[in-house]
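Have a look at these structures, which come just after this line.
Two complexes, one shared chain (chain A), two partners (chain B, chain C).
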Partner chain A sequence: MAGSNPNAKPMNLTLNVWRQPSPKAQGKIVEYQVKDISPEMSFLEMLDVLNEDLLHKGEDPVAFDHDCREGICGSCDLFINGRSHGPEKGTTTCQLHMRKFSDGDTITIEPWRANSFPINKDLSVDRSAFDRIIQAGGYVSVNTGGAPDGNEIPIPKDIADRAFEAATCIGCGACVAACKNASAMLFVSAKVSQLALLPQGDVERKTRVENMVAQMDIEGFGACSNIGSCAAECPVGISLENIAILNREFLTAKATSNNLA
Partner chain B sequence: MSWISKTFSSSIGRKIVMSLTGLFLCTFLVVHLVGNLQLFKHDGGTAFNVYSHFMGTNPIIRTIEWGLVLGFGFHIYEALMLTRRNQGARPQKYVANHSEQNSEWTSRNMGILGSLILIFLIVHLYNFFWRARFGGLDKIGGTDVETRDYDNLYMAVVSSFHVWWYVLLYVAAQFSLGYHLWHGFGSGFQTLGLNHRKYTPLIKAVGYGFAVVVSAAFAAMPLYFFLFTDDNGQLTSAVSPLVHSLTLALK
Partner chain C sequence: MFLESKSPEGPLAEKWDQHKFNVKLVNPANKRKYDVIVVGTGLAGAAAAASLAELGYNVHAFTYHDSPRRAHSIAAQGGINAAKNYQNDGDSVFRLFYDTIKGGDYRSREANVYRLAQVSVSIIDQCVAQGVPFAREYGGLLANRSFGGAQVSRTFYARGQTGQQLLLGAYSALSRQVAYGKVKLHTRSEMLDLVTVDGKAAGIVTRNLLTGAIENHAAHAVVLATGGYGNVFYLSTNAMYCNVTAAWRAHKKGAYFANPCFTQIHPTCIPVSGDYQSKLTLMSESLRNDGRVWVPKTKELAERLRKGEIKVKDLKEDDRDYFLERKYPAFGNLVPRDVASRNAKQMCDEGRGVGSTGLAVYLDFADIIQRTSAEAVSQKYGNLFEMYEKITDENPYELPMRIYPAVHYTMGGLWVDYNLQTTVPGLYAAGECNFSDHGANRLGASALMQGLADGYFVIPYTIGDYLAKTAPKPVDTNHPAFAEAGKAVEERTAKLLSIKGNRTPDQFHKVLGHIMWEYCGMARSAEGLTHAKAEIQKLKREFWQDLKLTGTSEELNQALEKAGRVADFIELGELMIDDALDRNESCGGHFREEYQTPEGEALRDDENYAYVAAWEFMGENQPERLNKEELQFENVKLTQRSYK
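Up next, the complex of A and B:
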């Protein structure tokens, strides 16, 4: 294999995997052995190996979410050895490699656990609560028509950079998974501050934050205790400063919007 | 009115009340601490008793006292409401969870720390505040017509702080308070949206200092009486020369 490391020794691992046949069913941890895992495999490829073994044995493969496998879609929601996306900082599960583990390790793999993220099956969870929060206000309304010129609206570089940082949220839910309160504040704050920083977001600024926070509460996510597990586990490094911006936006909107309801 | 009730029943609204009341309670701690430092004055408790008489009778102080009751009341009420919401958000726990690798212990245990403070508060209020306000304390007595009818709260403090389990409770409670403030002080600013890359490191540092100084100073009071004074609050002969030279050196 091109670029492969000839010194990389294959590993044998014990996996403790959460198995749950359906959303309402009782789940449990089931132990599996996987053999000859290359340290260069990604974590998801290791699970592919496990599933192939299970298929050959005529057993039900483990359901887990994944899509792009390149760290941008946010699908690969696995809680590995007690951490969102596993032990490595700033990575999604698909970008976590088996070289972070050692031969003989036992790895516990669970789904995101939050009342607002119901389990579909095994490790796969339903994160559509995030979609409903975005639908409540995480957008800007624009007129369709001829494509506008680039840079038509001037935005200072440092503002553009900060908005871009907030915009890098991939909606993975690692923040909710890591938070003791299963709070979605980091996710919501990333979108609210991204759009609050930009002139395009100004039109819907107050209704956006009011509606998104209301939806977040309806979905049943917890409140923020400023613990910081979210930001520590976020694969793209969304910072707690965004939550402060969210709180400011929320207070200002509640105090000054024309919405009496 | 519904936008108001919606604001204050939202998760962020509740946290804002939590933070405002929490920071208000911090200012109370400063006043309480500074006043109580008079316990360390070697005057047989006169200054402390005059001060506590003033605090117990001055109409302005008595009015502010209601603010304090409300502050504690709302802080505890919101703590309950938020804790209930937060626990409901994760009904099923993880089999393996290593949150110690991504956050501080104090920040995850504010409810436990707060509850310990509350238990202490009940005992503390019963022992000093209740007896001072509703009777049960000896008068100072003596010849000074101005002060002889004042409650002798000082002697109540001295005798309480010679009971070992009482001293232990007080010191343990100050650990809870210290850890509560270690996270709470900075957290309160963050909740209000007061986060700025220029000032947040300073706010946090001040918070850590505040937590340590306030809890250590409060803890010093029972320890001082238990270790260094006799039943009348006089320094025992073993330490009195030491303290004397120390006070001289400080002067």
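Up next, the complex of A and C:
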């Protein structure tokens, strides 16, 4: 609301944006100027302004992924000034507001940088590797119907809360982009932890972690070297503790594997 | 055409069980011979796709997102209703049914709503089994809260992210079937037409959003689970991509569109701040459990507040008007959404609004923070408070939130019978995309319930009945109808790119949104609607003469995608206005200024308007034909809703 900061003045900014017409094409940084940007705008609304401007000039607007614009769908994925989702901690790009920048700033906007997330066009990347990791085992194998009463198995509140915290991962890929190894360990660990903590996930606990980690490797994500930038840059605060849980789950599973195949 | 609801005979409580027994079954060995297309991977779509695949059908799931998990169901905050009566506070299937019918202002079908209440209990069990981490009590049992419009605590939740957790549950079930090869997933594929052969649904035409390739897909049945059309208003709480295109294309191929004017304006959203705004953000209704809604008692105080001459804290208790508590002592801040929204608008119309635009009321947590603690409040609403602060730069622990109504949900949608089948045989509609369960107003925490009910527990039964009567011969896309539909899609895309005018899709969309919000929003009148109809017809002409796009159709071209969606929104907008003009009564979210009680409440006309308005497409630029499904009420007595 303009009322929240009546002194907010419009800003003029220089944008360095990664442009790449197609997956195989050579990309490059292109400089744009945007004017009269309100500090109350979200970062993506600022890009909307740029795109409207480009369209009016008959130029190709910048392609970027976005949808809910309230920080939950995980679509938006910009690498802003060298950081996943930009400078504000615990915030997706769509929830980043221009008041975090100053008049005259130069902002560099790149797509996620990871071999496992190939570029579609400009700032849009292909994150289907995440879907394939979930398909490898990120579920409880229950068919619709026949589930016992929801209160049949009590779950201690602390456990349920911890499972919930892990389950809040939005699958945006910021962790991969932030990691110098482009590792997907935080993403994988969030799902493994959630289901390992809950009694419902216990039955398939071992095969799940084995299969998901195997798929992660197939997709070409890097190894974890315990730097922790993934958790530091995660917009929803997925804890590094999950990676410890993943490692423990993985070791236990490998030592006593149920994978009979 | 006579619209047969196909509601089963017999007592209300036995209809669904009886129907499940009566429907035909497909032999387990034959199921793999049937292909089903499911468009959309939100709660209804993902649940249907997973459940149908589990039964053995070959499912093709389509989404325009990069992943099924991005569907906008993910953004639902507050919770999901179920008649579990875990709280021992008098809930029952009948009470949930009754509340939903009443909340919908008696404009929904009894049998459908009762079934919804019945299966609600199974949804919770299913989700828990999937590992959905619902909120729990210290004893380990599931926690509940009360939610707008209900006097019992029947809402299950996962902090303020219930939609996310439920969708990820459905997504995990879907992913499992993808891994088994029973679901073929088509991401970044937008449905641009329905294909019918001999009047039956035979497949769809899609555009690959990355390459622009137009593709034909054939199946024995098609399920649309493509969500609502709230973005016709431009600004809404919907995600940016939400659109009516799939449903609208189906409508033009013979599926009737029901009650399009029934749209829900949610009372608690963060107010608009400027012209550049691209969407509105909801603050969960659950906040009304503990927050108190108020405005300054007088216009003068409100004005001084807006000018910054006084601060919120300068307003003493006597200077504040807790208008919902004052007007509706029984329900207070928990009145249904339409009532809360209209009252907020009324306060602002009286000049008592707050914030720099005067288009906001306060939602204040000072009392609950004092009564419990900031920490306790954070436990319940932490993520919502954070989101509010990120957007507004104000701390709701210290200052009351400013909220204003915004378009949130569309009760209208494709007309479906009890089986969720549209007027096109073999075409089904599930979730927000259909019209069936919420009447003229949806209660809080009922959208998630309906999406999952349709997907997990209704479609898997009812579609079997249709397939059992359909020969299991392999489908193919060689029928001329596919070539024809594909060609039409290509031509339309080419047409959009060839206009080479001066205005962008967003510019047209904003104008449309303005017309809809002004004349077909919270309050409507015959005069305003008539004016709006002319405006929209003018906008449609301008759109097809002055649209500006760049690039080609053979690449990722987001402006082109948007243009196609805006074109359909413009046509839908006109139909919404026709529908609002036809309905000479006020009910739920549809408030016609001419029809109100002396106290300013909605005045229904049950004698003349207790029907579902199902509109039939009659050809381009032709007026649509109105078909009526008269609603029969055998189990509830129609009364004026009173929340006093």
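Here, the second predicted complex is superposed on the first by the 248 of 261 C-alpha atoms of A that agree within 3 Å, B and C clash if a C-alpha of one lies under 4 Å from a C-alpha of the other, contacts with A are read in each partner's own complex, and residues count from 1 in each chain.
The rule we apply is simple: a contact is a pair of C-beta atoms (placed from the backbone, for glycine too) under 8 Å apart; a residue touches a chain by one contact, two chains touch by 3 or more.
Keep in mind that what you see is a predicted model, and the values were worked out from it rather than measured.
When the two structures are aligned on the shared chain, A:30 is found in touch with neither chain B nor chain C. By the touch criterion stated above, A:220 is placed in contact with chain B alone, chain C being left untouched. When the two complexes are overlaid on their common chain A, residue A:251 makes contact with chain B while staying clear of chain C. Looking at the superposition, the partner that touches the larger set of chain A residues, chain B or chain C, turns out to be C. Across the interface of their complex, chain A is touched by residues 2-3, 6-7, 10-16, 82, 85-86, 88-99, 101-104, 107-108, 110, 183, 186-187, 190-195, 197, 200 of chain B. Interface residues of chain A facing chain B in the complex, by the touch rule stated above, are 16, 18, 29, 79, 81-83, 87, 108, 110, 113-116, 178, 180-183, 185, 213-214, 216-217, 220-229, 232-233, 240-241, 243-248, 250-251, 254, 259-261. On chain A, the positions that touch chain C within their shared complex are 1-6, 21-22, 38, 40-42, 44-45, 48-49, 51-52, 54-56, 58-61, 63, 65-75, 90-91, 95, 97, 99, 120-121, 124, 126-128, 130-131, 134-136, 138-145, 147-151, 153-157, 160-161, 163-164, 167-168, 170-171, 194-195, 198, 200-201.
Of all the residues in chain C, the ones that touch chain A in their complex are 47, 50-51, 54, 65-72, 74-75, 84, 86, 122, 124-142, 158-159, 161, 163-165, 168, 171-173, 175-176, 178-179, 185, 187, 210, 239-241, 270-271, 273-274, 276-279, 281-282, 306, 308, 355-357, 360, 386-387, 390-394, 402, 456-457, 460, 502, 504, 506-507, 548-551, 555-556, 558-559.
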